[in-house]
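Two complexes are shown next, each including chain A; its partner changes from chain B in the first to chain C in the second.
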Partner chain A sequence: MEIVRPEDIERIHEASLTILEEMGIEVMNDAALALLENAGAEVDHSSGMVRLDRGLVEQALTSVPPQVTLTPRNPDHAIDLGGTHLNFSLVAGPPNVHDRVQGRRSGNYTDYCNLVRLAQSLNIIHLIGNQPTAPQELPAATRHLDTYWANLTLSDRVFHATAIGEQRTLDAIHMCALARGVETEALVDSPALLTVINVNSPRRLDDALCAGLMTMARWGQPCVITPFTLMGAMTPVTLPAALAQQNAEALFGVVLTQLVNPGVPVVYGAFTSNVDMRTGAPAFGTPENTKANLIAGQLARRYGLPYRTSNANASNVADAQAAYETEMALWGAVLGGAHLVYHAAGWLEGGLTASFEKVILDAEILQSMAEILQPIEFGEADLGLDAIRDVEPGGHFFGTEHTMERFETAFYRPLLSDWQNYENWEAAGSEDAYQRATGIWQQLLEGYAEPPMDAAVREALNDYVTRRRGEIERVGLDFE
Partner chain B sequence: MTDAQEDDIDLRSLSDDELIEQMHDDLYDGLQEEIVEGTQILLERGWGPSKVLDEALVAGMNIVGVDFRDGILFVPEVLMAANAMKGGMEILRPLLAETGAPPLGKAVIGTVKGDIHDIGKNLVTMMWEGAGFEVIDIGINKPVEEFIEALETHQPDILGMSALLTTTMPYMKVVIDELVERGLRDDYIVLVGGAPLNEEFGEAIGADAYCRDAAVAVETAKEFMQKKRNAAG
Partner chain C sequence: MEIVRPEDIERIHEASLTILEEMGIEVMNDAALALLENAGAEVDHSSGMVRLDRGLVEQALTSVPPQVTLTPRNPDHAIDLGGTHLNFSLVAGPPNVHDRVQGRRSGNYTDYCNLVRLAQSLNIIHLIGNQPTAPQELPAATRHLDTYWANLTLSDRVFHATAIGEQRTLDAIHMCALARGVETEALVDSPALLTVINVNSPRRLDDALCAGLMTMARWGQPCVITPFTLMGAMTPVTLPAALAQQNAEALFGVVLTQLVNPGVPVVYGAFTSNVDMRTGAPAFGTPENTKANLIAGQLARRYGLPYRTSNANASNVADAQAAYETEMALWGAVLGGAHLVYHAAGWLEGGLTASFEKVILDAEILQSMAEILQPIEFGEADLGLDAIRDVEPGGHFFGTEHTMERFETAFYRPLLSDWQNYENWEAAGSEDAYQRATGIWQQLLEGYAEPPMDAAVREALNDYVTRRRGEIERVGLDFE
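After this line comes the complex of A and B, so read on.
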C-alpha cells in the first residue's frame, strides 16, 4: 500500500541526502571513521562527525542485493528476506517476563529457554530475534554464549546475533557454523543469522554496535539497520521530518556495510513511533506508528532493499489495548510490504516485558494475517456452481459433496478464539482469551520436543562455549 | 493572552503580591526573561533570596509539577518552565550561598558506560532543574573515571546514574564500589534509575534509592537533601 505519492517519497529522499551531506552522522568508532574517510567521506576526527556526499550513497545502493536467504541448522527452516516473503520474529530485548501463573519477574534463563521452546513450537514464528528476555542472573559478559546455546539446541530456527561488539558477534557466527557442521568461511556465501543495529537517533552510531555491524558485514551476514526513532524525543514531531531523518540514518548504515564488504546483504530497518508528549514515555501501535510502517516500506522499495519493521504496543498487560495496538502496527507492517516483522509475538510494556500469554495471542493474529495473504486463485470447482445448483432454496450446504471434500481445511482454524455460544462458554468455565492463552502455552511447553541434533555437533558447540567462557572470564570482552 | 499583550505588562508596576502571582504564571508559561526580571525586581525591593526562592520560584514550580503529574502540561512546556526556573536560580544561587542559606542541592548525572539511552536521564535533569537543583549532566556512555572526576570537580550533593540495558546496569555497582574504595561513598546521595531497574536492584548495588520516574527522582532528591540538612543542622 502506498500512502505517499512517489514525488513526495523523492522529497523525503532528497531531505535525507541533505541531512547526510550537510549535517552528517556522528560515528563513535575509530575503525568505521577510518573506513569512511578512505572511501571519500568528510570526517571530522575531533567530533566524529561524518558527512557523506550523495555519490557515496548511490554507489552503495548499486551493490545491495534485493533479497537474502538465511539458513539455520535445519535447512527446512531457512527464511528469505525480500521479494514477497514475510517473516515474523519472537519478541526481543525485554528485561522482564510475565505470565498469568507466576506474574511479572526479572528475565532469567529458565524463562528464556521456555520462550525459545514456544517459538520452536509455533510455525508462525519464523525466527528468534534478539534475546526474548535477558537472563539477568547470568554474568553479562558471557550471557550471550548461554543464549546462543539455547537458541541452537532448543530450536533449529534462524536467530539474531547480539552485536554489541566484535566478540559477541563472532561467537554467534562461529556457533552457527558449528551447528550447521561447516567451516565459518562457508557462511560468508551462505548466511545463517542476522542482527539489528539501532542508530542512536538523532544522528549517532555507537561504538559497540559499529563494531558489531562491521563484523557481521565482514563475514557476509546481514545487518538490519534500524533507526528506532521516537518522534518528539529523537526526531521532530512531524512525520515527514521523522522519516527523512530515519531514512538518512538507515542509508548511512547501509553505506557502511557496503564499504566493509560490497554486495553484503543488508536490510532496511524502520521503527518510528511517537512518545507521549505528556510524559516522554514511548507509545506504539499509534496511527503515527502505523503510517510510518507504511511509508518506510515505500522508501525501502525505492532503494530495492528488504524491509524490516516492528509489531509493538505500549500496554502493561495482554489486554484489549495490547491487542488493538498490535493489530494497528501489524497492518502497517503487512500493508507496508515488510519482509521481516520484529517483535511479532510476545511484546508488552513498550518492550520491557515478554509475555507468555501475549505470544499466544499474537500467534493467533499472525496466523490470521498469513491466511489473509494467501493468494486468491480459484478454479471452476472453487466457484462451486454445481454445489449451489445441488441445494434447493432454503436448504443447507453441510452435506454437499463440495463441502465434504473441503470442510476440514476450508476455513482458518483458530488457536485461541472461542466460538461457542454464551451458555456453553459459561459452562466450560467462562474463560476469556487471556485466560485461555495460559492453557495453550502450557500445553505447547508440555508437548515440546527438542529438535534432534547430531551428538558430535552438540559436543563441538559445548566445547566452543566452554572454551570461550574460560577465555572471557580470564581476559574479558571487547565491550563489557 | 497574546504575546504582544504579555509584553505590555510592566512588572515594575505590580505590587509584590501581584508580581508573585505574575511570576507563577510566567513560570507556567516558561518565560525565562520575565522570571529573571521578576527575580531582580523582588531583590531590589529588599526581599531576601530565600523568600524569593520559596514564594516566587518554588511555589510556582510546584504548580507546574502538579499539572505535569496530572497530564495537563506537556514535556516541552515543562522544559520551558524548568529553563525559566534555571534563569531565576542563576541569580539567586550566589546570593543564597552568601546568606548561608542551605542550598537546594547540586547533582551530577550521567548514563553509565556502554549505554547511550538518555531520554529518561534528560527528563530527570529537566525536572531537577525545575525544582531548583543545580545539575551537571555529564552525558552518555560514561566510565567510572569520568563520574569520579565530575564528582571531584563539582562537589555535588547527589550522584544520579541512569542505565537502560541489563548488560550495563551492573556498571552502576562498579561506580559505587569505586566510591566505597576511595572512602567517598558517604559524601554523596546516590540515586539510580532506568526502566529495567527496580528497588531491589538499587538496594543490592548499594544506592541510596531507586527512582521509578522523573517526578519520583525530584521527590527523592528533596527528601534526601532534607535529611542531609537535618543531619548537618
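After this line comes the complex of A and C, so read on.
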C-alpha cells in the first residue's frame, strides 16, 4: 500500500541526500572512517563527521541485492528476506521478563531459554532476533556464547548475531557454520544469520556497531540498518522530517556495507514511532507509527532493498491496549510490504519487558494475519451452488454433504480466542485472553521437544564455546 | 483493497444470478410478492418463492444512487454514505448490557439512554444504529416510541428506524421530520434516517421486514440490505459460496427497493463471518470475516452501491481478544472501502451484549483509524532540515523551536492508552485498559450535555409520542 505520492517520496529522498551531503553522520570507528574517506566521502577527523556525496549513495544502491536467503542448521527453516516473503521474529532486547505466574523480573538465562523454546514451538515465529531477554546474571563478556548456544541447540531457526564489536559477531558466524557442519567460508555465499545495526539517532553510528557491521558485511551476512527514531525525541516531530532523517541514516549504513563488501545483502530497517509530548514517554502502535511503517516500505522499495520494521506497543500488560497497538503497528508493517517484522512476538512495555503471555497473544494475531494473506482461489465446488440449492429457505448448512466434506479445515482455528457463550465461559472461570494465554505457553513448554542435533556437531559447538570462554576470560573481548 | 481478481468477482456475481434465477428467495409478504410478480418476477404463491430474472436485477442497478446524505436534526451531523466517506455506528441490537461496575444485566431503558449519551459524547461515533440495547422492561408495542424519543432528544445524530412493519417505520420518519421542523414529505428528497433489513439467510425475507423495507423505500429513506450469513450455518462453509449467497440476497433486497421507488437510495450490506465448526458458536474478527469484509466491498463497488459492513468480535469481555478481533474486522472493513461500519462501538459477546467499556475501547481504535486515514501532505518546513541541522549527533529534539511550535498537535492523543513507565503505572494501581475504560465512560456521562432542542419541537415530539402511544394501546400495532 502506498499512502504517499511518488513525488513526495522523492522529496523525502532528496531531503535525505541533503542530510548526508550537508550535515553528515558522526562515525565513531576509525576503520569505518578510513574506508569512507578512501571511497571519497568527506571526513572531518576532529569530529568524526562524514558527509556523503549522492554519487556514493547511488553507487552503493547499484550493488545491493533485492533478496537474501538465510539458512539455519535446519534448511527447512530457511527464510527469504525480500520479494513477497514476510517473516516474523521473536522479541529482542528487553532487560526484563514477565509472566502472569512469576511476575516481572530481570532477564535471566532460564527465561531466555524458555522464550527460545516457545519460539521454536510456534511455526509463526520464523526467526529469533537479538536476545529475547538479556540474561543479566551471566558475565557480559561471555554472555553471547551462552545465548548463541541456546539459540543453536534449543532451536533450529535463523537467529541474530549480537554484533557489538568484531569478536561477538565472529563467534556467531563461526558457531552457525559449526551447526550447519560447514566451513565458515561457506557462509559467505550462503548466509546463515542477520544482525540489526541500530543507528544512534540523530546521526551517530557508534564504534562497536560499526565494527559489528563491518564484520558481518565482510563475511557476507546481512545487516539490518535500523535508525531507532522516536519523533519528538530523536527526530523532529513531523513525520516527513523523521522519515527523511531515518532514511539518511539507513542509507548511510547501506553505503558502509557496500564499501566493505559490494553486493553483500543488507536490509532497510525502520523503527519510527513517536513520544508522548506531554511526558516524553515512548509510544508505539500509534497512528504515526502505522503511517511510518507504511511509508518506510515505500522508501525501501524505492531503493530495491528488503524492508524490516517492527511490531511494537507501549502497554504495561498484555491487555486490550497491547492488542490494539500491536494490530495497528502490524497492519502498517504488512501493508507496508515488510519482509521482516522484528519484535513480532512477546514485546511489552515499549520493549523493556519480554512477556510470555504476549508471545501467545501475538502468535494468535500473526497466525490470523498469515491466514488473511493466503491467496483466494476457488473452483466451481467452492461456489457451492448445489449446497445452496439443497438447503431450504431459513434452514441451515450444518449437516450438509458440502459442509461435512470441508468443515475440519474450512476455517482458521484459533490458539487463544474463546468463542464459548457467556454462560459456559462464566462457568469455566470467566478467564480473559490474558489469563488463558498462561495455560497455553505452559502447555507449549511442556510439549516442547529439542530439535535433533548430531552429537558431533553438538560437541564441536561445545568445544568452541569452551575454548572461546577461556580465551575471553584470559585476554578479554573487544567492546567488553 | 482488492484481494479477489475481477474475473473471480464476476464468477461470484454470476453464481448470485443463478441463485436468484434458479433457486429464488422466499418472500413472506403479500404486498412484496404482488409487486415482484407485477414487475415480471416468477412467483410461486404456494411457497412464496420468488425467482428473479437477471434483467430485473440489472434494471434495478441502473436506478440506484451511488451516495446518499442523511440529515438529522442537527445538520452539522449529517452523514454521507458513499464516495470516500466512512461512518461508524454505535452497537445495535444486544439483548443484554454490561459494565464493569454493575455487571451483566438485561437491556433496559436507563442503559439505553446512557449508551446514546455516550455516543453523543464521542465524535467518532457518527450515528446511532438500531437499539444499542433492547429496553426489555418497556412494552414491546410502544418501545420504539421511547427509543426514538431518546435518540432524538439525547442526541442530534442520524439514527436507525426499527423497521419491523410499516407503523414503527412511519413513526421514525414522522418523528425525524418533527425534530427537523419540516413536513414529513420533505424527507422524501432529503433523507434523515436509515434502517437495516436483515435477510433471514438462507434465502428468506420475512413479512415484517418486507413491510419495513417497502415503507422506508416509499418515503425515500435508505435501507441497508444485510444478509446475516455465518459460514457453516446460514451458508456453505466456503467463502465464495457464502459471498455468492450473500450477494444474491442483498441484490434481491436492492431490487425490491427499486420496484417500490426507483432511484431510492439503498445500501449494500454484508455481514459474513463463520461459526466455530466444533461447537457451532458464532465467531467474528476471524480471518474469514476480514476477507469477507474486503471482498464484499469489491462486490458493492461492482454495483455502484454504498457499502455497509460490521465491526464485530466474539469475546465475552473487553479484553485483548475483543481488541484483536475488532481490529481484524475493522481493517477488513476499512480496506474493503466500507461507507458504514455498523456495530463499530460497544459490541461484545458476538452481539449479545452492549458493553460500556467496549464503547471506550472501540472509540480509541476508531479514532486511531481515522487519524491513520488523514491524507499526508507536507511543506518544506515539515521536512525539518533546519531542525535536523540544529541538533548535534546523539542529541535530542525536545526543546527545539521546530518541536515547540508543533508539539501540542503533532501526534494523536489517545483516549485510553496508558504510556506511563511500568513503575509509575504500578504505583497508580496497575490498571489495565479494561479497568481504565470504566473511568472514561463514567467521566463522559458526567460531562454529557443534552444537545439543545427548541421547546416547540420538543413539545411536538412529546405530543406525537403521547398520541401514538394511546393509539397503539387502544388499537394495537402491525407486527406486534
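Operating definition for what follows: the second predicted complex is superposed on the first by the 480 of 480 C-alpha atoms of A that agree within 3 Å, B and C clash if a C-alpha of one lies under 4 Å from a C-alpha of the other, contacts with A are read in each partner's own complex, and residues count from 1 in each chain.
By definition in this document, a contact is a pair of C-beta atoms (placed from the backbone, for glycine too) under 8 Å apart; a residue touches a chain by one contact, two chains touch by 3 or more.
Computed from a prediction, not measured in an experiment: that's the story for all the values here.
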{"item": "Contacts of A:Q136 with chain B and chain C, given as first, second, both or neither", "value": "first"}
{"item": "Which of chain B and chain C A:G280 touches, first, second, both or neither", "value": "both"}
{"item": "Most chain A residues touched (candidates chain B, chain C)", "value": "C"}
{"item": "Partner chain(s) touched by A:M234 [first = chain B, second = chain C, both, neither]", "value": "both"}
{"item": "Touched partner set for A:R204, first chain B, second chain C, both or neither", "value": "both"}
{"item": "Partner chain in contact with A:R100 - chain B first, chain C second, else both or neither", "value": "neither"}
{"item": "Which superposed partner A:F479 touches (first chain B, second chain C, both, neither)", "value": "first"}
{"item": "Which superposed partner A:L352 touches (first chain B, second chain C, both, neither)", "value": "both"}
{"item": "Touching partner for A:R51 - first (chain B), second (chain C), both, neither", "value": "neither"}
{"item": "Common ground on chain A, meaning residues reached by chain C in one complex and by chain B in the other", "value": "200, 204, 232-234, 277, 279-280, 352"}
{"item": "Sites on chain C touched by chain A in the complex", "value": "1, 3-4, 8, 11-12, 15, 18-19, 22-23, 25-26, 49, 104, 200, 202-204, 231-242, 244-245, 274, 276-277, 279-283, 286-288, 290-291, 295, 314-328, 331-332, 335, 349-350, 352-353, 361, 364-365, 368-369, 371-372, 376-378, 381-385, 387-389, 391-398, 400, 402-403, 406-408, 410-412, 414, 416-422, 425-426, 430, 432-434"}
{"item": "Touching residues on chain A, where the partner in the complex is chain B", "value": "28, 95-96, 106-107, 134, 136, 140, 143, 164, 200, 204, 206-208, 230, 232-234, 275, 277-280, 352, 479-480"}
{"item": "Of chain B, residues touching chain A in the complex", "value": "68, 71, 73-76, 114, 116, 119-120, 123, 141, 166-167, 170, 195-196, 198, 213-214"}
